[in-house]
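Take a look at these structures.
Note that chain A is present in both complexes that follow, paired respectively with chain B and with chain C.
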Partner chain A sequence: MRYRLCLPLAAGLACLPAYAVQYLSVEQVQKLAYPDATAYRAQDVALSLAQMQQVEKLAGLPARSVNWRVFGAYNGDKLLGYLVLDDVIGKFELISYAVALNPDASIRQVEILAYRESHGSEIRLPAWRRQFAGKSASTGGLTLGGGIANISGATLSASHLTDGVRRIAAIAQLVLKP
Partner chain B sequence: MKKNLIASAVAATLLAAPFAASAGEAELLARIDKMAAEQEQLKAELKASLQKTAVIEQKQQELASAAAPAIAAATTPAPSAAIAASGPTTIIGGYGEINYNRPSKNASAAQTDVRRAVIGIEHRFDDKTKLVSEFEWEHAIASATDSGESAIEQLYVERQFGNGLRGKAGLFLIPAGLLNTNHEPTAYYGVERNFVETAIIPSTWREAGVGLSGDTDSGLAWDAGITTGFDLGKWDAASSDGRESPLGAIHQEGQLAKSRDLSVHGALNWRGVPGLLLGGSLFSGKVGHKTEGYTANDARVTMYDLHARYTPGLWDLAGVYARGQISNTAALNLTLVGNPTPVPKAFAGWYLQAAYQAYKADDYVLSPFVRYEQYNTAKSYEALPQGLGVAPQADEKVTTVGANLKVGEGVVLKADYQKFKEDKTRDRLNLGVGFSY
Partner chain C sequence: MIRRAQPWLGTIVDITADCDQAGLNAAFAQIAQVHRLMSFHDPASDIARFNQAATGARLVLNAHTMQVLQLAEQLRLATDGIFNIGCAPRLVENGLLPAPAADAVLYQPAQALMQWAADGALFKLASGWIDVGGIAKGYAVDLAVEALQQAGAQAGCVNAGGDLRVFGQRDWPVSLRHPQQPQRLLPAVPLRDEAMATSATYFSRREQYGRSISALLDGRDGHSILGTSSISIRAPRCVLADALTKVVMASADPHHPALQRWQATALII
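== the complex of A and B ==
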């Protein structure tokens, strides 16, 4: 188990902001993922117990959360796709990332919003992230070593991010796909 | 809980009764009063600890639920809120390994060792500044009469600058080879670290100084720095240490390190193709430190390496070539004539390794591997007058075959067999357990 000591916690105070390289804000990711979008609408998802079980079956991972932060990207009334925001733990700290999905639940792109650890920031590399594009929960190929190449020296970050994306692909497949 | 306390108080009172009776009623009453006071105190303490537990549990839940940062109901996406996800300010990590070695031709030399136990503490001062530290014990017990060691393996502060550069100052790892900066037992194959990256690259190799790092979108990462270097004055020609690892015998590890001569280093690593890492490093510095009367004040250590790792699918292929040189040692070696271990001019080695993830079920991942390495800690010496020199060593060639069984992400069980071509008495079976968190 990892021990996370939050010193201010002992004093009952909020923790200090994370050690972070902020690469992108949410607005920047929105523009990057769907340059044609004229509007983003919050379409947060709350999974039912049955849906969580289905996600677990499809992704091979616990669904982890009931609530998911999802935006629908629209050009006028036309749905361009979805943007799902999430965080996973790298080795110790949170990686904030976004998965842009096409309306058919296939992955359009993966963007890193913030990475907080000293090592493993190679997951930001465009060439590595491009491996996700076009894949979905139904096509597969979303596991580390099985479609997504590992990054030596950044195994934990790469593996946890890949798991996170696979989970979101499963949620999209089950809940977002019309 | 409360009932239990009262019950025990009553039981204690009853047990004490025979004595109390003989000692008089007043004393008994005093005792009861005292117990009641103690009970009140216990109740208060219990309440306080329950409250504490609740707070901790609440915080843990927040963390466990991936700390989904409050992106205010998505109607007003606040990027800063997403980024400023509350994170820990102090993180404790650690790793360790316990190994068993059994020489196949000399079973009586079989040995079990708590090879190392390391506690790492990272502390974040603010969103751009942090401290990284690692404290290590080797061989279980460190005392005047034991052979263990206690060491500071890393102790540096790192600052991120606005332009994506990272600067660090303190005692940090030199970015050489594949293993040195990635040396947790869960990160490499085989019970023992490979010979090239222990005998030639003296991992865990750290120096004190300053460093700068950066990377580009094309996958190129670079490191550069100025640090302390080696101290050739530590060379002991009478011992075999220099033969085991020339640089390991003269490293300073941040301990009252001679700093008249500083060293420079640089490293480039390219990860432009997913799964592929190509890199190299160079380290160079003089090692005489202008010591008065010393015959090797112009001696210079230069160490470079080339490394590659490719992880297509379930394969994990790696190779390292490393070469070190110590220049201007002829005059020094002349003073050491007669000793078994003069200072080598060159030492080098390389290995190739292939691992395959053969089996995966639940939390268990079994990866057999094979590694072939060739290394020589005394490839050549500077020329000495006829008859005074020592002949260079032959290259040692080691084949290692074994497997790592990972249990979850943090635990690894290892077993392998090592076959030596030159010194066959070193053939051995190794078993080990390691962890990292």
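== the complex of A and C ==
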């Protein structure tokens, strides 16, 4: 019984993802969301326990992480808005995305940075996720060539992603809004 | 070619085209518009306004919503009610959609819910809730394709979670999910200047109160469709492909007369 469980897992780890698309690098999404920005400053957020509880209340979802990757977009000294980066795991997909927010914490734009789909359960294993860490279009690690096929199939719900966006909107309300 | 993806319509919308970012922005703006107008969940949408309206109410809705509702009504009549956007009460009952009002509404398969006045307004004929989840994604894809073409794109692909349309003088490889193992992809088929949509229950099938349900309903009786095959439709427009998948799925007829009427073909896997 143990072997039956382990063998497909090992085979899955050896496989490349069934489907992966790199849409935008962090630099590209910065330019797209704030074309007038002259500088981006890292303003990472570490939530306190009290803030995490407030996020849960506002979003109606677990706050999930203490640490959040945030950039402030500036034109000179003027704050144009924020960009928050995050990943979510779905049924068998891993989605990296960016939420651009106005200075008042309202959502301006959501862009998918990368979408990876696996053959199976390896999506939940850290090793599978680590192989993509730091990969972007500019480093070439995920480029699959020009002929990436589209997929037609039953609609895969993006509820994990929309939950993620809701969570980030709540964090922005609490922590980023002046 | 540039390619981007954003979350809309409850799924991920992926757009590829040979235009600039402004062209892609215009295409996403069309998708966002359909999302706002036709969401079942958003109480400010046209669909929510219809659902909240009293019997006999006269409604003036956005021209895009009217087009979707008119096509939905044509499909209902052409398929003996297999395609019926009035199925929403059953989706609410099955926990797949939130109830739009406190008072429950019964699904009456034979009941026409809407009628158009000469001036283009819409009358709600009976109490009922509609959901255009089975047709609006395709309509949004078609609008996005038009926006890309207006922005000067010669070729492109708009894919709203599996309902897609390609344009331009080139082939686009499109892979289908294996219905029994949806993480696996079947070899790609080339599409050119056409739309394809696929329906299957592998993502939405589940057990509830000891019976199986799915997000796809047969409008004739409001029962969940539980077939394990995958139905793909090729059609000139994505709105047709999207809607007709449900007709072939429920009728199990790959030669259903509605296909010929709308110049579509079915592929069952």
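In this text, the second predicted complex is superposed on the first by the 119 of 178 C-alpha atoms of A that agree within 3 Å, B and C clash if a C-alpha of one lies under 4 Å from a C-alpha of the other, contacts with A are read in each partner's own complex, and residues count from 1 in each chain.
Assume a contact is a pair of C-beta atoms (placed from the backbone, for glycine too) under 8 Å apart; a residue touches a chain by one contact, two chains touch by 3 or more.
Owing to the predicted nature of the structure, the values given are computational and were not obtained by experimental measurement.
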Which partner does A:27 contact after superposing on A: first (chain B), second (chain C), both, neither?
first
With both complexes overlaid on chain A, does A:65 touch chain B (first), chain C (second), both or neither?
first
Looking at A:157, would you say it contacts chain B, chain C, both, or neither? Reply first, second, both or neither.
second
Looking at the overlay, does A:92 come into contact with chain B only (first), chain C only (second), both, or neither?
both
Under the stated touch criterion, name the partner, chain B or chain C, that contacts more residues in chain A.
B
Classify the contacts of A:165 with the two partner chains as first (chain B alone), second (chain C alone), both, or neither.
second
Using the touch definition from the top, say if A:112 reaches chain B (first), chain C (second), both or neither.
second
Which residues would you name on chain A as touching chain B in one complex and chain C in the other?
18-19, 21, 91-92, 118-119, 146, 149-153, 155-156, 159
Chain B-facing residues of chain A, complex:
1-9, 12, 14-22, 25-28, 40, 42, 44, 64-65, 67, 69, 71, 85-89, 91-94, 96, 113-114, 116, 118-119, 121-122, 125-128, 130-131, 145-146, 148-153, 155-156, 159
Per the contact definition, I'd like the list of chain A residues that touch chain C in the complex.
18-19, 21, 23-24, 32, 91-92, 95, 97, 109-112, 115, 117-120, 146-147, 149-159, 161-162, 165
Quick check on the complex: what are the chain C residues that touch chain A?
1, 3-7, 10-12, 14, 16, 21, 137, 157, 159, 161-164, 166, 172-177, 182-185, 188, 196-204, 230, 232
In their shared complex, chain A is touched by residues of chain B numbered 55-56, 59, 63, 65-69, 71, 73-75, 77-80, 82-93, 122, 124, 126-130, 132, 158, 160, 164, 166, 178, 181-182, 187, 215, 217, 219, 221, 271-277, 309, 311-314, 316, 318, 357, 409, 437
